[in-house]
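Consider the two complexes below, in which chain A is the common component and chain B and chain C are the respective partners.
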Partner chain A sequence: MPEMVTLTIDGTEVKVPKGTTILEAAKQVGKVIPHYCYHPGMSSPAMCRMCLVDVEGAPKPQASCVTTVMENQVVDTESSASVANRRGVLEFYLVNHPLDCPICDMSGECDLQDFVHAEGRDHGRSVEPKRVFGRDDFGGDVLFYGDRCVMCTRCVRFMSEVEQDERLTVVERGNRSVIDTFFEKGLDGTEWHGNIVDICPVGALVSKEFLHKTRAWDLDHTPSICASCSQGCNIELHTAENLVQRVKPRENLEVNAWWMCDYGRHDYEWINHGQRIEAPLVRDATGSSRTTGWKDALTSLLEGASGLNGTSVQIVVSARGSNEDLAALTKLQDVMGGGDKVFRVSQADEESALPGFPTLARRKDLGPNVGGAELLGISRVGESDGTGGLEAVKDHDGIIIVLGDNLEDQDETFGANAGLYVYLGTHECAATKAAHLVLPVTTFAEQEGTFTNHEGRIQRFWPALQPPGMARPAWLILGAVLAELSEGVAPRSAAEAFMNLAEAVPALRGLTYEGMGLSGSVSETAQHASLD
Partner chain B sequence: MRVISTHFGDPLQRRLGTYVERGGYEALKKAFSMGPDEVVETVKASGLRGRGGAGFPTGVKWSFMPKEATKPHYLLCNADESEPGTFKDRELMRWDPHQLIEGCLIAAYAIRAKHAYIYCRGEFFETNQVVARAVEDAYEKGYAGEDIFGSGNDIAVTVHQGAGAYICGEETGLMNSLEGRRGEPRVKPPFPAAVGVFGMPSTINNVETLAAVPHIVNNGEEWYRQWGTESSPGTKLFCVSGHINKPGNYELPLGFPLSELIDDVCGGIRNGNGLKAVIPGGSSVAILNSEEARRCRLDYEGCIDVGTMLGCASVIVMDDTTDIVKQVRRMVDFYAHESCGQCTPCREGSAWAAQIMKRIEIGEGTVEDLDTLMEVTEQMVGTTICVLSDSVAPPVQSSIQKFRADYLALISEQESAGAT
Partner chain C sequence: MSDIPFSNPGWAGNTGEFDLTEKEVRGDDFVGDRPKDGGHPSGAGTMPYMLVDKDPDAPLFEGEYRQRFEKILTRYPDKRAALLPVLSLAQELRGHVSAESMDEVAGLLELSPAYVRGVTTFYTMYNKRAVGRYLVQVCTNISCNLCGADEVLQAFLRYTDAEMGETSKDGNFTVIEAECLAACGFPTCVQINSRYYENVTPADVAQIIEHLKPEGES
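After this line comes the complex of A and B, so read on.
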């Protein structure tokens, strides 16, 4: 238990651990002291001078980002000196700021815009010509608009302290200071630089990929989990017009802090991919197929299965399936008689850790729910590029159910011998030709659910997009089939689906869907299982 | 009356042999026999105050250092002298380098440091060479380095040549620069006595401060206090420049009247002109008009009494032909150029103030500009990491207050030009 200190901030008493800064303590009473240079994940240079507040007894306002709390301290963030200082600092920023908000990507989520709007002068007094730095390509995904820079050095500190690959620096001094790369050696080849765009408080660092794509205020933000590796970085999907427009990290100190890797950040086009299967497809004995409704499709499935009692059921799943989806399928498999369960996942050659926050790494397994699959006893097969390993399934003459694996390496003969071949996925390909049923399912971005990350943390994600056509979450489809077969009750929500799972898997017992909240819960057993 | 400038003009003094013949390095021997704490007490009792500008009592500063050197301690000599109007440290170094080295060694001993750095302004090529040569000589004869005079005391001395930035004279900017980083002042606390250069306890003193130390150790605190005032004891070098007949460095007791300095010591104002203004302490202090200058006593308190500061006693005298606006504009330009750029008020404010000043100077100013200048400079006071930012206000504000007519003349010229 750390030693606690009691102080008063804007009239409200607050108790915080000794060593806490005033700025962090103020957050606890719901007060965000305006600031630019401070970022909780890096050192504090106290240079923007925006966060100065009155501390009783101090001769002049103190920088709240570096001043630590003291017993019985009385802090006033709204004193005339604090407000006057903020107004002054904001005016200074605007002396040379281009105010090109109408064409600036940051507009709508910009700390300069917001703070000036809240507390700045309504008219600037400067009539001098503005300093011009122009635009610079920093390499990687980053463009630098020097004139918008507020010289907070967060970007420089991220590269030197967090990524620990010094690629940026301040050159010159005084108001000629500008952020620059070392000669032509820009950000190319670094793997975490997207974070500097996130932490830049203004529109000075922007993403090339997002440049002028949409306006910030047109974006909906949905909490989610990165589906690109097994780290499980907490993210937000920013969507507009039913498309993911960009991906941003979401704070979770247990998993990714404020950061995410560039690979995951930019790996979202597949979510937006068109040409989706929009309706269930049923193929009869003659090989001719028809699209149909769900009721008809599920009836066909049950009919197909009923003639095959006693044959084994081989399942192939994707490590992008949610825990609820995978659990629904493994349970159905059990009820139908059981059989082999496999998944395939692409792997990177190396893990790539973030040096300044090494518990965060782009993991080798490039799928978000390898942990969940393994927890459900599904075995990994195939090559490290996510192909192969399906020789036994391919010619199986019983039941084959594929969930989510795109089977891109397989040909038309896949499942051709099967008594019943059900494909639940998003896209058709050669290997779905032989399927008796092709059922459209949603991606993680279109449904609610959970993933289990590399350390056994179960984390929730929320639907960000409308699913195409009749696509439904796999747990819902499979749950309905299961209810028919076992005369049980189908889960009506992802929460219920998770509850079923938590009851069935001893390792998850005690976890609740609500309890996981935004930051997830760790299942002890799952952690051990994945460490073995 | 000279204490530290006794040998100015005598090239022989640079030689170690001459320095020793004339009693040099006796103070160091004496200090070694006194023990560190007694040296600190002596300097404290002498009332010596820092000559780098702030006038902080030197012995008190030394006493902030930990009493046990569990980590390496460092003594830093601030020889970055860059304040406009200041040229005393350079002279102290080039005429009497061993006096400074001896002062550094005594101070290092007093604060239990085994290493002293002399951070010398980059542009001072000759000075750098003279001091570096003297350090070499001192090493050769065993006055510096290991086991000095067989006393068992090891004190290394290193001369570091700066790269030419005013901000590297700010104590923590100097430390960053010495460590090979950008010369950017650090946030305090922690203070240098706790976390200084290389993260270790450090004390930093100005050249002139350290040059006085051997004399105080040799002769005792009472001797030193025969000059100056109760709270500003001792002698001080005054760097006098501007429109006077005999500019130069003059060592005088603190408390000396400014008018006597101008009229008697420096031979009066050039061409028999009238006095318009005096800056008594370098560019960072308020300008005095002639009436205030006449009343000013040159010690720390005497300057405060007339609304300015002694600073580093760089007296800039301006006669009645002086274009005050231009002079102030040049000072503001200097600060804008030298701001390290970390703090928003300093980075943006200094450059903005310089732009406004320039506009006024070329006849494109307005009366509102004067209000803006007053407020902008006020927004730069007390809001930043170091006090470079605060230094812009005194010259700008005092000149607008005291020489408003000079500004208005330039402004009304513009306004009447606009009217025709």
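After this line comes the complex of A and C, so read on.
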């Protein structure tokens, strides 16, 4: 237990561990002291001069981002001197700022805009012409608008302290100083540079991919989990018009702190991929297929299965399926007679860790729920590029159920010998030609659920998009079938589906959606593993 | 007087001989053609005055310069700290600190090129572009300005036939304005390479330029 210090901030008493800065302590009482250069994940140069506050007894205003708390300290962030200071500093920031908010990507989520709106002068007094830098391509996904910059140097410090590849620097001095790269050697080749766009408090660093795509205030933010590797970075999906527009990291000090890799950040177009399967397809004996409703589809599934009692059930799942989906399928498989369970996942050549936060890395397994699949006893097959490994399943003559795997490497003969071949997925392909039933399911962005990351942490994600047509979460579809077969009760929510799972898997016993909250829980097996 | 076994030609304080002529103090070749031996290693990062003839393609660093480079490194706890004198050494050798020089220095000191660029551009005494044989820095700050620095500056530009900040056609002169040269008692102060010319008036300019031009040139 660290030593605690009691102090008063704006009349509210607060108790914080010794060594906390005034700025962090103020957050505890719900007070955000305006700041630019301070970021909790990096060193504080105290150079933006925005966070100066009055401390009783101190001869002059103190930079709250570097001043640590003291016993019985009395801090006033709203004193006339503090407010006058911020007003003055903001006026200086606007001397050379182009005020091009109408065409700026950051508009609507910009700290300069917010703070000036809250406390700045309504008119600047500068009459001199503004200094003009123009814009510069920093390489990678980053575009730099020099005139909007407030010289907080967060980006420079991120590259030197966190990514530890010092590609950015402050060039020149005084009024002419500007962020720049080493001439033409920009950010190309670095794997975490997208974060400097996130931490830029203004619109100086913007993403080329997101440039002029949509306005910040038109975006809905949904907490989610990155589905690009088994690290399980906490993210927000920013959506508009039922499309994911961009991905931003969400703070979780246990997993990814404030950061995420560029690979995950830009790997979202597959979620928006059109031409989805929108209704269940049933193929009759003649080979022609027709779309149908869910009731018909599930009825024909049950009919197909009833004639095949006792045959083995082979399942192929995707590492992008949620724990609930995978659990529903494995349980259904057990009820139907049991058989092999496999999944395939692409692998990167190697992990690439973030040097300044080494527990965060782009992991080798490029699927978010490899942990969940393995926990449920599903075994990994195939090559490291996510192909092959299905030779045994391909010609199986019993029941085949495929969930989520897009089978891109398979041809039309896949499942042709099967007594019943059910494909639950998002897109049709050659390998679905022989399927008796093609059922539309939702992606992780369209449903609620959980993923298990590489260290056994179970983390929730929330639906960000409307599913296309009649697509439903796999746990709902499979749960209904299972209830029919075992005369049980189908889960009505993802939380219920998870509870069923938690009861069945000893390692997850006791975990609930409520308990996981936004930052997830570590499963018992993982805890034991880390204790050993 | 003093038995200190060294004589600094630019410093007369120890001997009390304040009435030495400039020639007696500095010799004939105070901005002239010293052999490119790199100077004595103990000079480390500083030289009494810069060599006039630069070689932009000179290697970083070889021979005597390598010795000086090694000597500089011994003076600092880590390589990063040696950046400023090493950049000075590179400039002394090459005349200016080009992008290539920054990259090479970064390699020598195990720093990132971007960091070296940031440091180089922060300091005005590093020339980021090639300059002439003689870099003429005319102080136009308050004291000098009150005593006619603007006229001196114009005179230099006229006599060298150079644009402000640009190198003259013959490659001999680059004339720039300088902020205070810390010689406010002797306005107008002009620094040419590493030598100060004090109390300069427009009338002196022609003579200074003539003196600088190497023999055989008009």
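As a convention for this text, the second predicted complex is superposed on the first by the 525 of 532 C-alpha atoms of A that agree within 3 Å, B and C clash if a C-alpha of one lies under 4 Å from a C-alpha of the other, contacts with A are read in each partner's own complex, and residues count from 1 in each chain.
One rule holds for everything that comes next: a contact is a pair of C-beta atoms (placed from the backbone, for glycine too) under 8 Å apart; a residue touches a chain by one contact, two chains touch by 3 or more.
For clarity, every value in this text was computed on a predicted model and none was experimentally measured.
Once the two complexes are overlaid on the shared chain, A:168 sits against chain C while remaining clear of chain B. Between chain B and chain C, more residues of chain A are touched by B. In the superposition on chain A, A:182 makes contact with chain C only, not with chain B. In the overlay built on the shared chain, the residue A:46 is in contact with chain B alone; chain C does not reach it. Comparing the two complexes, residues 170, 172-173 of chain A contact chain B in one case and chain C in the other.
On the chain B side of its complex with chain A, the touching residues are 165, 167, 182, 187, 336-345, 347-352, 355-356, 359, 372, 379, 382-385. Contact residues of chain C toward chain A in the complex are 99, 102-103, 111-118, 121-122. Within the complex formed with chain C, the residues of chain A that make contact are 160, 165-173, 180-183, 185. If you check the complex, the residues on chain A that touch chain B are 44-50, 52, 59-61, 63, 66, 84-85, 88-89, 91-93, 95-96, 125-126, 128, 131, 150-151, 170, 172-177.
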